[in-house]
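Alright, structures below, take your time with them.
Shared chain: chain A. Partners: chain B in the first complex, chain C in the second.
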Partner chain A sequence: MRPYLTTLTAILAREALRFIHQRERFIAALVRPLVWLLVFAAGFRAALGLSITPPYQTYIEYETYIIPGLCGMILLFNGMQSSLSLVYDREMGSMRLLLTAPLPRWWLLFSKLLASTAISILQVYTFLAIAALYGIWIPATGYITVLPALIVAGLMLGALGLALSSFIKQLENFAGVMNFVIFPMFFLSSALYPLWKMAESSETLHMICALNPFTHAVELIRFSLYLQWNGAALLWTLLATALFTAAALWGYDPSRGLIRRKA
Partner chain B sequence: MTSPGLNVSHLDYAYGAKQVLQDVTFRIKQGQFCALLGPNGAGKSTLFALLTRLFTTPAGAIEIAGKNLATRPRQALAAMGVVFQQPTLDLDLTIRQNLRYFAALHGLAGKTAAIQIDAALDRLDIRDRQNERARTLNGGHRRRTEIARALVHNPLILLLDEPTVGLDAAARNAITTHVHDLTATGLTVLWATHLTDEVRHNDHLLILHQGHLLANDTAQAITQNQPLSKTFLDMTQTPILIGENTPGGSGGWPPGSAI
Partner chain C sequence: MRALLALSLLTTPALADEIWVTNEKDDTVSVIDVETLEVIQTYETGERPRGITFSKDFSRLYICASDSDTVQVMDPTTGKILHELPSGEDPEQFVLHPNDRHLYIANEDDAITTVVDTETREVIAQINVGIEPEGMAVSPDGKIAITTSETTNMAHWIDTDTQQLFANTLVDSRPRHAEFIKDGSELWVSAEIGGTISVFDVETQAETTKIDFEVDGVHPDRVQPVGFEMTEGDTHAFVALGPSNHVAVVNAATYEVEDYILVGRRVWHMDFNADRSLLFTTNGVSGDVTVIDVAERRALKSIKVGRFPWGAAFRPTD
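And now, the complex of A and B:
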């Protein structure tokens, strides 16, 4: 077991060092949700009236509503960012180094996934701290109960990024994939508006949103922040995590040849 | 039959319909320096990908230090150090941090890792630069760092895929000499190259061309005292480079050592 933990620690430390060296990445990851919170939310507040929706027990401001969605946004963008760095690592060769380590490949990939999730969660907490300073109220224990939800959601989105990275042939192709994954996933979810609002305009869109795993990740975060249990969201998120992880393991299977296209 | 060296038997590999390796079979004894010579596109990198289990194939078998790569991949990979053709250093980390990261990937930590890192740095003569960031190193020192890193876990076999690409003649000479010297400690070396001046008379030589292994013997026996580039041309009707940055010459080798 010790070599497994040694490897996990090393990969975590490397990601942390990388993160420290790339401060602009940290700032960029925070600017995006803050713009939504401070600018867009102010405009949307007037346009979007929200009724009392679980887990909220009273009327809430739009800024409060979108906080879990913006936490999800950080996890989503980081998942994709880490996928981008995997494609870069593969092109630069350092992925080969990782994959030739004498440990099961699933463990190496899981360590990488866990490391990127840890970095994402750190950014979410920084964002929540800024939101609290801005006046968004969240129960104090919510900051603790949300942690498991952030881990599950982070692993799901990280696994999606990992799976995508195994299928992307070149770094240049990545921007297209980002547009086809991030934006649909984010906008077709409950991150910015509750699903019943979506149902009012289009039943088809509502159905797509309800099937989107990101919706369930956001709802899992939302309910956990307000100390409530949402078993269905947890189940959906776990299922999606398992599915994306399986796809990533398949993508990185040596019999398929991860770097085959590059060799 | 098992041996502490490297055994490859009847290896085939194809990218879709394109066959890139056909029935490749060879054996490198422990402590031997084996040069794998072939022009670009000969199949060297594919062979390396198979030897390092980046790819797998059901056709053929690979045994590393007596461990079958297909059935005991972890033990086989633990016995092997690899220097890839592409640079794989983390440029933001120092030399020592790069080695420490790699040691951890091989399950080494703490004092054991520190001792082995020191030994590897000493072997490649870069200990005095251990705290410099990889980004600040020149090409030759980056390659030395990669070789030191590949030796951190005391492998029995060292694989190097065109490790001198892009280096000047002096750096190529230094690295090639250094790796030749390492075989004196019992290390088995497989050195892929497309440059004939990196091969010495007494090296084991494999000539790979269009996925076929055309020669498998000592360099001297294969060349019969002809220049290797001529032997290669006779065998394949394809010219091969003598050396990079060393037009037509042996790039500063000790007289008579390179062919």
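And now, the complex of A and C:
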């Protein structure tokens, strides 16, 4: 058991160190959702005062609607970014060192996943604190009940990043994947507009949005922020986590996947 | 047996206070339970119910059935219409005199204010006022009644002893609602198109100040003050701003707007619960009632009622 914990703490410490050393990255990760909240959402303030959708019980301003989506955005970008660092590690050789540790590979990857999720959640809470100062009201207990949702969503997006990084040969390719994965995932979800709004413009778009696991991650965060249960969103997010983890494990399996071909 | 009785006491909900809402297009009133914030009853009324108020002891409910040209008197415990009062044509809004007997009714189509005795069920006076009268108020001492006229843009001051006009004061375009505050020393009149509330000194009938509204991200044309109600001690006014879908919170001492709260579409009138901790606003276009936490100035919930809810009145049940 001990070697497991040693590895976990080592990976956590490394991520924490990286986090502390890259304060710019932390700030940059915060600036992105803040720009959406303070600039984009402010312009659309009255746009959504037309319908009441659960978990909300009354009309809300757009700034309030967009908060869970922006929490999701932080998790999404961080999940991808930490995978980017994996590609970097692989190119630099430190990854190889890590993967040679005499422990099951899934444990190594899980430790990595856990570490990057922890950092993401720290960023989400910082963002939520700024949003509260800006005047966004969320029930006090919502800040606690959202934690499990953030963990599940963080693990899901981190696993997706891991899976993607295992199939990417070079650092440069990853930038392309960012564009092909992050943007569609974010825009084709309920992060910026409620799904009924999507359905109004196109049924196909609405269907894609409803299938997008990121939508369910955002809804899971949204419902738990307002102390409500959303079993379907939880199930979808867990299912996606399992799928992405399986893909990552397959991709990082030395006897299969691209790791082997690249070796 | 005793256990069964105790259980039934536990499971039978205590009667909670209610908010009664007229639904202009459904010809009904909806009854909202103040505890559960749900509609518990809907009663049929005459055509196009608008103004709504209770007698002092809450045993009778008066409803302006505008298109039926009558004021209906309902028994709030059964929802039965007891009788109708002669009201003049197209009664829109009314106010009950502190004597609990005389109803002052604005007859929108006739440019008349009708005074009806609710006991003898007879019209005791008809007073010519400006065109399209709407807002009605009576001073707490009962000596002055106010009618505001939408097209003439005036507040008409009526001496309730003689039932004669004794003053007319200009307000901004399309006045909608009037209210005496601070023990009857001030009169506030909202002007829908003018986008203001005019404040008058009752003693001199002179305008002392005007309150303006400005909602972020909403075109000024859509900021249309209509109904308003005062919090405990008349410290703050909550003002419905019509199609801007917001309620403004005005400090009654400084006349500054302190907050805007997002509610449903075309917010019109409102009323408080018993301790004035909750405010219920009628939102005409979205067909719901938004509940506002007064202390926190935050919308808690919007409750679906009938089509085009218009007026609201509170009824305690214990």
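Observations on the model:
Assume the second predicted complex is superposed on the first by the 251 of 263 C-alpha atoms of A that agree within 3 Å, B and C clash if a C-alpha of one lies under 4 Å from a C-alpha of the other, contacts with A are read in each partner's own complex, and residues count from 1 in each chain.
Everything below uses one rule, namely that contacts are C-beta pairs under 8 Å (C-beta built on N, C-alpha and C of every residue); 3 or more make two chains touch, one makes a residue touch a chain.
Just so it is clear, the model here is predicted, and its values are computed rather than measured.
Contacts of A:Lys197 after superposition on the shared chain: neither chain B nor chain C is touched.
After overlaying the two complexes on the shared chain, residue contacts for A:Trp137 are found with chain C alone; chain B is out of touch. Considering which of chain B and chain C touches more of chain A, the answer is B. In the superposed model, A:His206 lies in contact with neither chain B nor chain C.
In the superposition on chain A, contact is made by A:His21 with chain B only, not with chain C. Look at A:Thr58: by the touch rule set out above, it reaches chain C but stays clear of chain B.
When the two structures are aligned on the shared chain, A:Pro102 is found in touch with chain B, with no touch to chain C. Once the two complexes are laid over each other on the shared chain, residue contacts for A:Pro3 go to chain B alone; chain C is not touched.
Counting contacts by the rule stated earlier, no residue of chain A appears in both its interface with chain B and its interface with chain C.
The touching residues of chain B, when paired with chain A in their complex, are 15, 45-46, 49, 52-57, 73-78, 80, 82, 84-90, 92-93, 97, 100-102, 104-109. Chain A contributes residues 2-3, 6-7, 9-10, 13-14, 17-18, 21, 92-94, 96-104, 254-255, 257-260, 263 to its touches with chain B in the complex. Chain C makes touch with chain A in their complex at residues 216-218, 245, 262-265, 286, 290-291, 298-302.
Chain contact summary for the complex, chain A toward chain C: residues 42-43, 45-46, 49-50, 52, 57-61, 137.
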